């Protein structure tokens, strides 16, 4: 495991987000449809990155709960766009072997005959490497 | 050869901490023409200036270079000091080693090297300086105030009380401005009209004040002390001298579909109208876009009912040309358009309103006669949500980067007034920060919380979702409880950002006054000259310079007035001697320079020229130094290179270039 | 008028009707959708990471092929549109991504975002014109009250998608009006249907879809339309099923009188 | 030129700033402590239209590696139209300079208002970076001027 500072840098780099621009208004969390599912809330992602607590972020369930609906990206008044941070934290996880949120074994029972390919493709992208 | 003295300022540690001033002194002594160099803690202090005077006397200096802060700070100071000590003030040049050196560089060696180069450039320039003598121009003892809101009214009153003539130009039919639209004012809850109307009346009654309403500034020329301004007096279609202000025409007018500007479009007004009951002047105007008579030729009802015979459908716009010594911009503000904030459903629901609209709803003369009710169905609201910072403090491309300053306070005011008058209404305020720096401001806000039970929630609203039953579902966040909130409201009030009135850009361009990226007018110095524009003779009053509340606006209005009075009290002004000057021997009379001159300062005359013994009459350029502002456009345009700018001559600038590239 | 057309994986299988009605309607409106050869799946979600290049390449291939043909690239599925439009923006404006993607691709001439990406609805609005469509309607859907469901991907982020006002869009409503029906405006039309989470978290998708349907029917809609197969699936599978959901193209084909032809 | 030499290359850059907007913008950059390389030296002129093409040629002749002219934003000129003259003159001059081998990147016109300290500093950083990447200017320099 790299140092926390390095990981924070990596998240900033992957996401392209400058967390220093945040003014802590909370509009991201006010807009988030997955807010209640998340243990670390969208606005907290920004301050966790600032405080370089990446450990908590990669272990949070929030990274699997984000829908990538871009409501926080659209409405952020400071151009911080926390959704990109959440996705970057998820990337850090799926890029490590064996960290998939979706296991091949569990797929068959999740399927039904009407599932569009698009759903499977998207879910693979979001949950697996 | 000049005898130049160089004075290097430490500016306390501002310069000396990054620039090795002793080294600068030591190296600059080696420059040609430099006969004296020294450093001192504060060159601008009296002791510092005395050092310059002593050196001038003892070393017979003919030119001075001061290495210090920006010439925009202290050039005038050092010129005065030199003049007092007996040399021409234009023999002084400044090397800016603070703003453009010590403050932006960290490495001492590098900064010192640069400081020496800047000093050398200044020395090279002074070597070629020539004494200049400013001309004189007369001051027109009359001021123009653009904008008739509280800022403009106060400025005009203060100037007029000092005994000078003032004209107010206001583009709407009445003076009063935004303040006249407010119901109550913070932090004392005074009725806005009660404190504004007497001032409006004073202004109208003042023998030194002349008010042009329904008028706009169309053209400005000239310069400090001597501006010439064209004012367009728009056709009112009502004779101001005959009208008695009885109001019958407005009652009888059959066209009542125009949105009322005064009530922010929340209700309608007639085509012939005065914006509000206390309007000054109390003379209506006819809105040509809605008047049936002006559009179709039929109707004419107002003319028939007017007993004074004041209606005149044939009136035309009129241009008034007037001379002024000083101009004050007091154009004020408007709230931003909310089309980029549709997540708050402003355009989708009538019950989502701006604070200024709430101001009209709360006002007894407003569209609901002061009853707090929903605009959609007229029902009394039970739950009201206020959303702060709508479009303020946004660094995305949707809103404004600045804090609008007044919203925290007016929202506390609204919340308090509603809770006071309607104790069963729940009021919730979503805020990012509550900013209350001002006398009795924080106490005011705390009263809203502690005595009136207003529910302040730290957090923003993400979206307002109108429901089929007419309720508004407000989805926000409480950052203290760390909870997402969904609450129903009957009304949502948006604290929309304020921005400079849209016409200000046009006015600033006419005045050649600088304007920032947010369309606020720039002040000559952000701290020390906050009511003056960098353009001489142009002054700033009110929100056109930056967001302000009423007390601040009134204070600035007074300050601007003092500056105007200080200017008008002078009979004559010294003109800038850095004007263009042709070399008649080289001029071939081609007129190129006259064509590029924005001031019409260049004319041609037939003159007897002695060209190395050959005497002949030639057509040569002649610069009127009273008109020339010294931009230098002509100097570059001149094909024969005969035109030069005094104080910034070709040779001087080239000497600077050479010194920098050496 | 010919456009390059990127149908995407779902339109060849589960969402065939979205595709065939689009082609039939295009024909009736006088333009042709020419499917690009050898297209590859866009991946369904736009790879947000600034260092992800490989996952963006299938879009670049499609974009480059349209460029070669000198055609505008038309998409239909919201997800494909979102991915391809954003990758195109990256290729145009992000130096690093452009350079690295081109290093992979080894094209004769580097691709730098030259292609214009249009969603089918944008073709209808900006190229054909809703007025023209109105003229061509033979079976106006008079009396139908239709709620447009936009979802997320077409609208956000609006600075890149530039599709419509992300918070108060009008394109689908104008489309509905052009077909002779009455649009129903409801605030959940740009809320998320749950997207990919319906694979693992059915109940959440269900609660989100039910909110959408409840709001639309509360405002009087008797059907919903969408451009996205996944939204379609979620709204059908995971809501109480109070409102029928149609693809935009099916209604278009019906109004233009070409639906029967397709059925044959 | 080796990489090491390139790192040590400190260009000579002349910036002409109009008194009303850009010079004030530079002052604001200074009072806001927004740094830029010491390679930039500012010459104050009343207006960008005072900048004679001759001055720019002279700068290159004397060994400057880049020249930048800053004025008020279009429409905001203190003298109404000066910056328009500057823009037209410099467009012509820069293409001529490009033709004789002084790359376009070595010359620039930028509008900076009195309120844009941030922009002034950013512009200067960018410009210096550009000149550093271009290296020493070898065209037009009068070799007799070399020390």
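We just call them A, B, C and D in the order they show up, numbering each chain from 1.
Everything that follows uses one rule, which is that contacts are C-beta pairs under 8 Å (C-beta built on N, C-alpha and C of every residue); 3 or more make two chains touch, one makes a residue touch a chain.
Keep in mind that this is a model prediction, so the values were computed, not measured.
A.B. asks: If you tally contacting C-beta pairs for every chain pair, which pair wins?
C.D. replies: So the chains sharing the most C-beta contacts are B-D.
A.B. asks: Indicate the whole-number Å distance between the mean C-alpha point of chain A and the mean C-alpha point of chain C.
C.D. replies: Each chain's C-alpha centroid was found; their separation is 25 Å.
A.B. asks: Which integer distance in Å separates the CA centroid of chain B from that of chain C?
C.D. replies: About 48 Å, centre to centre.
A.B. asks: How many Å are there between the centre of chain A and the centre of chain B, using C-alpha atoms for each centre?
C.D. replies: Computed from C-alpha means, the inter-chain centre distance equals 46 Å.
A.B. asks: Mind checking the centre-to-centre distance between chain B and chain D? Centres are C-alpha means, answer in whole Å.
C.D. replies: 30
A.B. asks: If a residue has to touch 2 or more other chains to count, which residues of chain A qualify?
C.D. replies: Counting only residues that touch two or more other chains, chain A contributes 71.
A.B. asks: By residue number and range, which residues of chain B touch two or more other chains?
C.D. replies: Within chain B, the residues that touch at least two other chains are 343, 463.
A.B. asks: Two or more other chains touching the same residue: where does that happen in chain C?
C.D. replies: Residues 166-167 of chain C touch two or more partner chains.
A.B. asks: Between which chains does touch occur?
C.D. replies: A-B, A-C, B-C, B-D
A.B. asks: Okay, in this complex, where on chain C does chain A touch?
C.D. replies: Interface residues on chain C, with respect to chain A: 8-10, 13-15, 41, 43-52, 55, 77, 79, 152, 155-158, 166-167, 191-192, 194-200, 204, 208, 228-230, 232-233, 236-237.
A.B. asks: Could you list, by residue number, the parts of chain A that touch chain B in their complex?
C.D. replies: Residues 21, 23-32, 35-36, 41, 43, 71, 75-79.
A.B. asks: Help me check something: in the complex, which residues belonging to chain A touch chain C?
C.D. replies: 13-16, 33, 37, 65, 67-71, 73-74, 81, 83-84, 87-88, 91, 102, 110, 112, 114-127
A.B. asks: So in the complex, the part of chain B that touches chain D is made up of which residues?
C.D. replies: Within the complex, chain B touches chain D at residues 70-72, 96, 98-101, 103-107, 110-111, 113-114, 117-118, 121, 505, 508-509, 512, 514-517, 522, 534-535, 578, 596, 598, 629-633, 635-637, 645, 648, 650, 653-654, 656-658, 660-662.
A.B. asks: Mind listing the chain C positions that touch chain B in their complex?
C.D. replies: That would be residues 159, 165-168, 185-188, 215, 218-220 of chain C.
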